[in-house]
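Each chain carries a letter (A, B, C and D) given by its place in the written order, and its residues are counted from 1.
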Amino acid sequence: MEVSVRTGKREFDANIEKEKDRYKIDIEGKQFFADYEPLSETDGNLIVEGKSYHVIFTDNSVYVNGVHFDIETIDPLKKELLKSTKLEKDEGAVVTSMPGNVKKVLVREGDRVEAGQPVVVLEAMKMENELDAPKSGIVKKVNVKENTPVEANAVLIEIE
Amino acid sequence: MFDKVLIANRGEIAVRVIRTLKEMGIKSVAVFSDIDRKSFHVNMADEAYPLGGKTSAESYLVMDKIIEVAKKSDAQAIHPGYGFLSENEKFAKMCEDNGIVFIGPPPSAISSMGDKVTARRIMEKAGVPIIPGLEKEGLTEEEGLKFAKRVGFPVMIKASAGGGGKGMRKVLNESEFSKAFRQAKSEALSSFGDDRVYIEKFLEEPHHIEIQILGDKHGNVIYLGERECSVQRRHQKVIEESPSPFIDDDMRKKMGETAVRAAQAVGYFNAGTVEFLVDKHKNFYFLEMNTRLQVEHPVTEWVTGVDLVEYQLRVAAGEKLDIKQEDVVLRGHSIECRIYAEDPEKNFMPSPGKIERLITPSGPGVRDDSGVFEGAEVSLYYDPMISKLTVFHRNRKLAISRMLRALDEYVVAGIKTNIEFHKRVLTHPDFVKGKYDTTFIDNNIDYLLERENVNEDIAIVASLIRYYNSSFAGKVKEGKKTSSKWKDYAKNCWII
Amino acid sequence: MFDKVLIANRGEIAVRVIRTLKEMGIKSVAVFSDIDRKSFHVNMADEAYPLGGKTSAESYLVMDKIIEVAKKSDAQAIHPGYGFLSENEKFAKMCEDNGIVFIGPPPSAISSMGDKVTARRIMEKAGVPIIPGLEKEGLTEEEGLKFAKRVGFPVMIKASAGGGGKGMRKVLNESEFSKAFRQAKSEALSSFGDDRVYIEKFLEEPHHIEIQILGDKHGNVIYLGERECSVQRRHQKVIEESPSPFIDDDMRKKMGETAVRAAQAVGYFNAGTVEFLVDKHKNFYFLEMNTRLQVEHPVTEWVTGVDLVEYQLRVAAGEKLDIKQEDVVLRGHSIECRIYAEDPEKNFMPSPGKIERLITPSGPGVRDDSGVFEGAEVSLYYDPMISKLTVFHRNRKLAISRMLRALDEYVVAGIKTNIEFHKRVLTHPDFVKGKYDTTFIDNNIDYLLERENVNEDIAIVASLIRYYNSSFAGKVKEGKKTSSKWKDYAKNCWII
Amino acid sequence: MEVSVRTGKREFDANIEKEKDRYKIDIEGKQFFADYEPLSETDGNLIVEGKSYHVIFTDNSVYVNGVHFDIETIDPLKKELLKSTKLEKDEGAVVTSMPGNVKKVLVREGDRVEAGQPVVVLEAMKMENELDAPKSGIVKKVNVKENTPVEANAVLIEIE
């Protein structure tokens, strides 16, 4: 199974397979054979090459022997979708590369916005995503309404 | 001895006091704010009564309410812990007026030691060395500057009624003096309602070393060794140890006897702490006296074998001290690490939230004084210290190793803590050698904030297994558990 | 010193050893049976390797497998803990043959002390008092009876190769002798493959008091005070304390020096325990020597300040003892309560199952050496001891109060434990006075099993609130959470 | 709300009502006002007349300040149903007082049974109940089949 991984510094695709009772994992060319045993809803013990680790999972983090790490894992397909289409036809256009549902429109026509200010909340891939203004300026046009679906590559908002 | 005692405090110190009360067969009465209904000290106490309110000012600082609960519950005495009302002369008197024993010193000692100008004057008279300084009613800027030039810069301007860094200014040279003087005065006024300030010589590379004393109502005062508290961040102690690696037996005796003299000068009884600044030439100067139990008291308990809370109670009940000075022997080495809910990487910002997972260390020579439990919410309303981890071993080197072992066992998940920061301090070559002063953290902050991330690959392996298993269990549907951080990522990837 | 040590054990003692290894900077290697894959010691160790198997015989007792793991992991030494292979001469030799240091005494000392007849002979020669007894090859029933009549009944018949009560018979009078003799022999044969038995005078109201000794490879042996272990149930220690309330300094010295003589007689090094029976006239007799770390070693660590595991490692690595006899001072009082997963109300039957909730005590003078965690399964395959709770205070009375406080904090939900039983022992007037011997539990069992149920009304209030809230939350649907016990009730109510 | 309660020694009907933030509870004439605050799925804190108690619930038990109690609570109506009809028309008849579903028949016709031996498992009121033989003898007749419903007062098995 291919999984995209991101840590504070690294970003790569890893591979994980189950072989009998253990997991075979590829991380940037390094291979790990891991024996994992859950201890509770949050805790587990991991034995990798004889070394034993106490692992704790919370909603956003993993702790190894008590030390905190932020590791993000996602389906590579989703990741690709998220960053595939690099449209740059209009510097002032807020465009979605994925189909989704407009959750919230945060600006109205005529509003003054700063570059980087969130202008639309889009729900796509089961996630909420804030889309930011690509540049500072005045909102010329809002092409979408809340709670309506949009197509990939749609221009949601235009900024002048 | 009392049958029932009210603890006018919260968190770990309330739990700490309750433990000794239980051992003495005394019923404990907790009080709590609305925020603290679910807190550990409420659960531990025999009785618990609401004070209402959220902030300290609305709850733990409301004297009337606390006295009312004490009366309602028939508590014969009130233990104030530290902070809150523990050094409030008015509250101590109010207890007295209501026939309740205040577990602390006489109100007069609180007020003498509470005002820095008064304290300096009394100490000077008692032959306790004080930092060269100028304090007088109606001190003018001109007088201050003249004094500063005489003793030499840098100098400190401090609020007479103050504490905790408020109204305090370090002045490096003449040109800064005027502005600093005015700022200190106005800060003193807004913080303490009293704009009096005084000026002191600033000591370079100073150690903060304090002497634990214990006095009874019959005039007996003893000292129980010292605590080295120089690992500080913005005047906030982080790690303490006893004995201090900086002083020897002779100096300990000299400082101890001086501390006893200081206490006797104000007719002190109760446990108390005389804080000294010690310069690099081992001159020591009276800094202030804390007329209450100190946060870091467990290190003294470890090395002397004395339960300080027990003796606070016995003294308050009128008992004579049954420990003589010659009985006090320091039998090894103890270190305390204060566990804060804070994020060292984000400038030590408090990190409130739910403690999702909590594993506390145990085994030989380890003591954890915690104010929280797994599932507890750490709120922003009060102090972010969630626990005090202390260890004991026969010498300093072994005590450091033991503390590192205990910190390795300590797990707090869900909020950020300074546990990793502590490990960096304890392995810093200067700390290991015992060569550090109050500038240690500031001077080494980059080193102390570094992280090694040795197990990052293992964290990735674990995350992949979690992802793999939850995929097959159909739990990734929500995309929440395993990829919530991809929100930010996705956001950055939008083409806009 | 070693870089890496394998612990050939499980549970709390494996965790205990790992803690000191960590403090010494030594890597720890755990081994585990299939049943123990999820256990605490695996999680705590730096490395962990499977032995396979479920029973001890299939796992922790398989010498080849353990040696193999030691080699594979490059462990230079093996710590055997207690039980399992800790007193196995063959295993000690096997380690030696494989170039691995066995953290224990020389194999010859194990074998000398392992055989009771041999041990008695050596002790007698070394001037260590032994219980009047008869041991000879080919002891006949007639010879035995003659001896019994001479020293007077009651007498004990014991297996020469035995231990732990197997092959042991108390004989009250002449008429019982013949049957008991034959039973003891056949039990000895089936338990140890060796039917030799010996006969001893039975001591009335005996105390079980043991001396902790520590020896190095250079001929130095010291003693570290005693432990009073007379609170026993079927030869199983339940509560231990140090010092013993039964003996004084003179007797301590006499017993201590005798224990050192006993150890030196077999060329002993390592930590070890010389067990004595002490009769009511304070005569003491050698019982046996345990040539390994003892379960109850923490009480000695508390009162002497010595980390016994650390010294086991240092001695095993060839270091000379840096503690002299005159350095050993008992500095207060320590008590241990063994926390068993058992149901005192059902004849102390083991109570395996999942630990649904676990709260361990902390605060001043409390140490918990646990082998489990919340969520752990206690299996029937191994010892039901889940933890050892020890406390320290400056005298016995205060130590008892502290232990009661700690037991009050201790919560184990989901399985039954003996925590309430301990509280009854600690508050029994004879225990409080320190007037008890090995017959204490048997003689007071009814009192000790009583329960007060003072908070039954509160338990009902809580249950009603739970029921009320789950009713409104629609959670009673299943009828499971709140009324599963009504199954039995319903059953009784059927009309049939 | 009426609730039937059973402890090791006592059995009675209690009453619980909610008044604002607290519970008003009647236990055998004694009245309690309780302030209860859950701390987690299993734990809670209870303040009754100023006294504070740490309460832990497991599937079958409640712990008050660490001490274990077995307290059974049930809807009084269910309890009544369970014991209402005391039919004794035939000493050898295995009768159900409630409608239910036959989960298992543990004997066959002609089997020798001992008094008190379970003969049928009946599911009723969401609980499984074992019905025992009322006397020793031979199973004369089995009137029911597994996984079939039965009416209240039905004679399931006859023993001679």
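Remarks
Convention: a contact is a pair of C-beta atoms (placed from the backbone, for glycine too) under 8 Å apart; a residue touches a chain by one contact, two chains touch by 3 or more.
In this text the structure is predicted, and so the values were computed from the model without any measurement.
Taking B-D and A-B together, the chain pair joined by more C-beta contacts is A-B. In terms of the distance between Cα centroids, chain D is separated most widely from B. Taking the mean of the C-alpha atoms as each chain's centre, chain B and chain D sit 54 Å apart.
One inter-chain figure worth recording: chain A and chain B are separated by 42 Å, centre to centre, where each centre is the mean of the chain's CA atoms. Taking each chain's centre as the average of its CA atoms, chain C and chain D sit 42 Å apart.
Rounded to whole angstrom, the centroid-to-centroid distance between chain A and chain D, based on C-alpha atoms, equals 51 Å. Contacts with at least two other chains are made by residues 373, 408 of chain C. The set of chain D residues that touch two or more partner chains comprises 43, 54. Put simply, chain D touches chain C in their complex at residues 1, 3, 5-7, 14, 16, 18, 23, 25, 27, 30, 32, 34, 36, 42-44, 46, 48, 53-75, 78-79, 82-83, 85-88, 93-97, 124-134.
Interface residues of chain B, counted against chain C in their complex, comprise 15-16, 19-20, 22-25, 298, 301, 305, 307, 331-332, 359-360, 362-370, 393-394, 398, 401-402, 404-405, 408. For chain C in complex with chain D, the touching residues are 356-357, 359, 408-411, 413-414, 416, 419-420, 453, 455-468, 471, 476-487, 489-491, 493-496. Chain B meets chain D in the complex at residues 30, 37-38, 42-49, 72-73, 373-376.
Remark: chain A residues 37, 39-40, 43, 45, 47, 50-52, 54 touch chain C in the complex.
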